[in-house]
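Below are two complexes that have chain A in common, paired first with chain B and then with chain C.
For the complex of A and B:
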């Protein structure tokens, strides 16, 4: 009674809610792990198929994250600092791939890849553009590039523009200012955003389903492989790969917390 | 700053290595195939690539309903093997497939069977049992999957369609959904292809359907009009249609008899598929019961499938 009368019930309630949510998620993972059983866990985790998919997922999302950063950092900086015509319009268009479903992105990619010059490249080299691992990278890049620019804008927004003015007044060029002043200050935010972008790329499959399709071991990154195995009734693979995905996500998010703990992007 | 430069250089070098691999000049076929055929076709690919090392086979596995949109939009692909003839005919109508011969281009057939959760809680023995009150039936949506059309046809023929429809608790968009629902005891029974049922040997009971209601579904394959490697695609198709290729399909519970007499609606007329049904029922027993003998006489060509599922409690490979 004493506790409640002093108004302490409110923080207790809030913490209680957080603990409940955590308990629900732990229960979710634990129940599936129990369903899989220890014998099967050892069996599936020691199979090379699992780790081949794991590395495929890791390297494709890493490469596409780097490409997204190439676009995202300058674009985010521009949106955060410079005034140019149609700025708000461009900002809204860049937000589009976050709002629309990745499946739509996958379907729309056909529009580009079947036209000049891609049809010519595909004819000349005798390859089908988008039906191989490059298609995976393309889908991941298309979905995450906009997302990346958006996060970068947020990272740059929290840095006061004053530092740049000082640097410029001391005679540094805009580029030098960016690399020597802004980028080091935004480091935490950028790394945190990078991990979020990476996780988003690693979780992508709807676009892949429409645009790429799956060849065993070549284009089926983990979320896609889970979907395929679900259709093949292979509950062992589905459950064990989901557990690996969850562990991957948890470590990515913890890394983000540790590195970018003081940035307020997320 | 130096580390960033190093990383950038590494990424660029990596891209170059990758791109040099892509344009290596091997002949890579693009095979549009229904998700359900994955097990059999991966095996076909392994054998075919071994016999023809200069040809690679890349699959684009999807639900059969997605293909027409994909092919219309991309105009890519060498071979096409959807989950039912209906989808292939859509491609023929649109002119994507010009040399389809319905008499010869059928490597295998699906056969319909009843599946129930392990232990058969509602004691379903025949088609008529689906009409009993209180049975939770899973039906396919006829707009999005072929099995839905067959549910309607089968129960319609038995004259119990209205009652079964009233019992339905699940409208599935694709056939694995029915298998998974049965496995997890969300429904008491449904009808699926034998090739779907064989994926859940440990967790479902398989009950063959009496001949007059047993559906035989044709599974066709064809070379697309805009195939880049027509000859190689034809070579792969010939392999699939050969006895050796068909035998691979038989290992995954497809019926491969060259002639299965059916009436005009596709229902069985005689006992050609009876032996396959017996093997399937035995296979389900063999996975659940360790003492059940597993050999050619009891489970036929399903022996590898049984052994695969016996290895673990939750199926994998």
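For the complex of A and C:
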């Protein structure tokens, strides 16, 4: 009676829902371990096929993170500070690769690589971007550049614009202000965002399905290798590789939380 | 003085050019493919070759570019929109109390919970799909399904809703938690001290204050559910080859049978050689995604990564 009349059912309901959903999610993430067991985990983790794929994932996502940071930090600053007409429209177009399903982005990349800049690059420089590791990098760059710009915008939004105007009023040039005032203040946020961007790049695989395809040992980054081995019916490889992916995601997020910057997507 | 002005101009130009590069790249990526919607000579030739080879591939579009004349196109859209609306409804009814509990009450292991939900957002979709398959198709849940007599995996109603719910709930939860975090708990304490019950204090004080954040979370959850690909592909697969007897009367009545989840259909149709079909569905997804993200920018929504 007390539960109903004084509205105490509401916190009980809230906490109950939260605990139930947490249990389901923990079961979801832990189901691979429960399925695989300790002995098989050790067996698959000692294979070189696993680690070749792991290092391929790590280096491709590191390179594409570097490129997206190069574009994303200035773009995020521009989106955060400058006021220009159609700001929301332009920001929405920049965000399109992250809100649209990545498989669709892969289909669009498949269409674009026969067109202007890409056919030119392959003709004059002999760099073919498609069914090789450059294609993997292009897919990862396309998705993470937008994501990076968004996270960087959030990191710069937290810093008050006052510091910049003070620095400018004391005679520093805009470039000097950016490098000596804004970047050091945003350092934590930028490093935290960098880790999230890296984890997102390492998680990207849907775009590869239509655009790149998989060559064993060349373009089979780990999330994609899960799909391939699943089609091949190798459940041991699939579950052990998804354990590695889960560990990569969780450790990236833990590292970001330890650094303690703030980053939000929207 | 003029030197200062010109340095300001160069500074702006440099930063604008990076943002402009991203804008132009994205716009070019999505707009330049519009010619894929039309059947070109090359596509017709490909089809003739396939006919000569006698490959047992289903060329769906016999209308030469008129993809909108085929029921599959509309049924796929119908299926996805109805399923994502149900998903968003479930995510909101479960997620808003959960977000409130995580935001207001002291729950032990808070940093662990936050790490779990943030890492879901950067986890590969294929891992989510495999986790769902392993969770539902082995062990006690599999026995439960056998006892109940129906399967979660490879079905429209529990299956697709579950697959799209996992990530859309996680993303919506982050936005709803941010919305409740931004409301000062003092207001609620004042309402409680004036004699209102806990539920009344939530419903009349905190909820209206957090309303814009809650709406943003709903849009975010819906957009994420529309963009779901891998979990649906792993957990449900494709449906258009299945015989009509596999579909329930309800799905037939709602015109959702023998259709695919839109982003899976994009992949499947492009792989089968029905390029203009795949790109037509892809452009629908781009329009929906662009519109919802524009709305989110307009209302200034915030969804935290953690």
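In this text, the second predicted complex is superposed on the first by the 218 of 266 C-alpha atoms of A that agree within 3 Å, B and C clash if a C-alpha of one lies under 4 Å from a C-alpha of the other, contacts with A are read in each partner's own complex, and residues count from 1 in each chain.
Here is the rule we use: contacts are C-beta pairs under 8 Å (C-beta built on N, C-alpha and C of every residue); 3 or more make two chains touch, one makes a residue touch a chain.
If you're wondering where the values come from, they're calculated on a predicted model, not measured in any experiment.
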Touched partner set for A:210, first chain B, second chain C, both or neither: both
Contacts of A:239 with chain B and chain C, given as first, second, both or neither: both
Touched partner set for A:179, first chain B, second chain C, both or neither: first
Partner with the higher number of touched chain A residues, chain C or chain B: C
Partner chain in contact with A:7 - chain B first, chain C second, else both or neither: second
Partner chain in contact with A:145 - chain B first, chain C second, else both or neither: second
Contacts of A:21 with chain B and chain C, given as first, second, both or neither: second
Overlap of the chain B and chain C footprints on chain A, listed as residue numbers: 35, 107, 110-111, 209-210, 230, 239
List of chain A residues in touch with chain B within their complex: 35-37, 39-40, 43-44, 47, 49, 63, 66, 107, 110-111, 113-114, 125-128, 130-134, 179, 209-210, 212-216, 218, 228-237, 239-240
Of chain B, residues touching chain A in the complex: 1, 7, 11, 14-15, 18, 22-23, 25, 27-28, 30, 32, 35-36, 38-39, 42, 45, 58-62, 66, 69-70, 73-77, 174, 176, 179-180, 183, 196, 199-200, 228, 311-317
Residues of chain A defined as touching chain C within the complex: 5-11, 13-15, 17-18, 21-22, 25-29, 31-32, 34-35, 71-72, 74-75, 77-79, 82, 84, 88-97, 99-105, 107-112, 115, 142, 145-146, 149, 151, 173-175, 178, 196, 199-200, 202-206, 209-210, 222-224, 226-227, 230, 238-239, 242, 245-246, 249-250, 252-254, 256-257, 262-266
For the chain C and chain A complex, residues of the former touching the latter: 4, 7-8, 10-12, 14-16, 18-19, 21-23, 25-30, 32-33, 36, 94, 97-98, 100-102, 104-105, 107, 111, 113-120, 122-128, 130-132, 134-135, 138-139, 166, 169, 175, 178, 196-202, 216, 220, 223, 226-230, 234, 263-264, 266-267, 270-271, 278-279, 282, 285-286, 289-290, 292-294, 296-298, 301-306
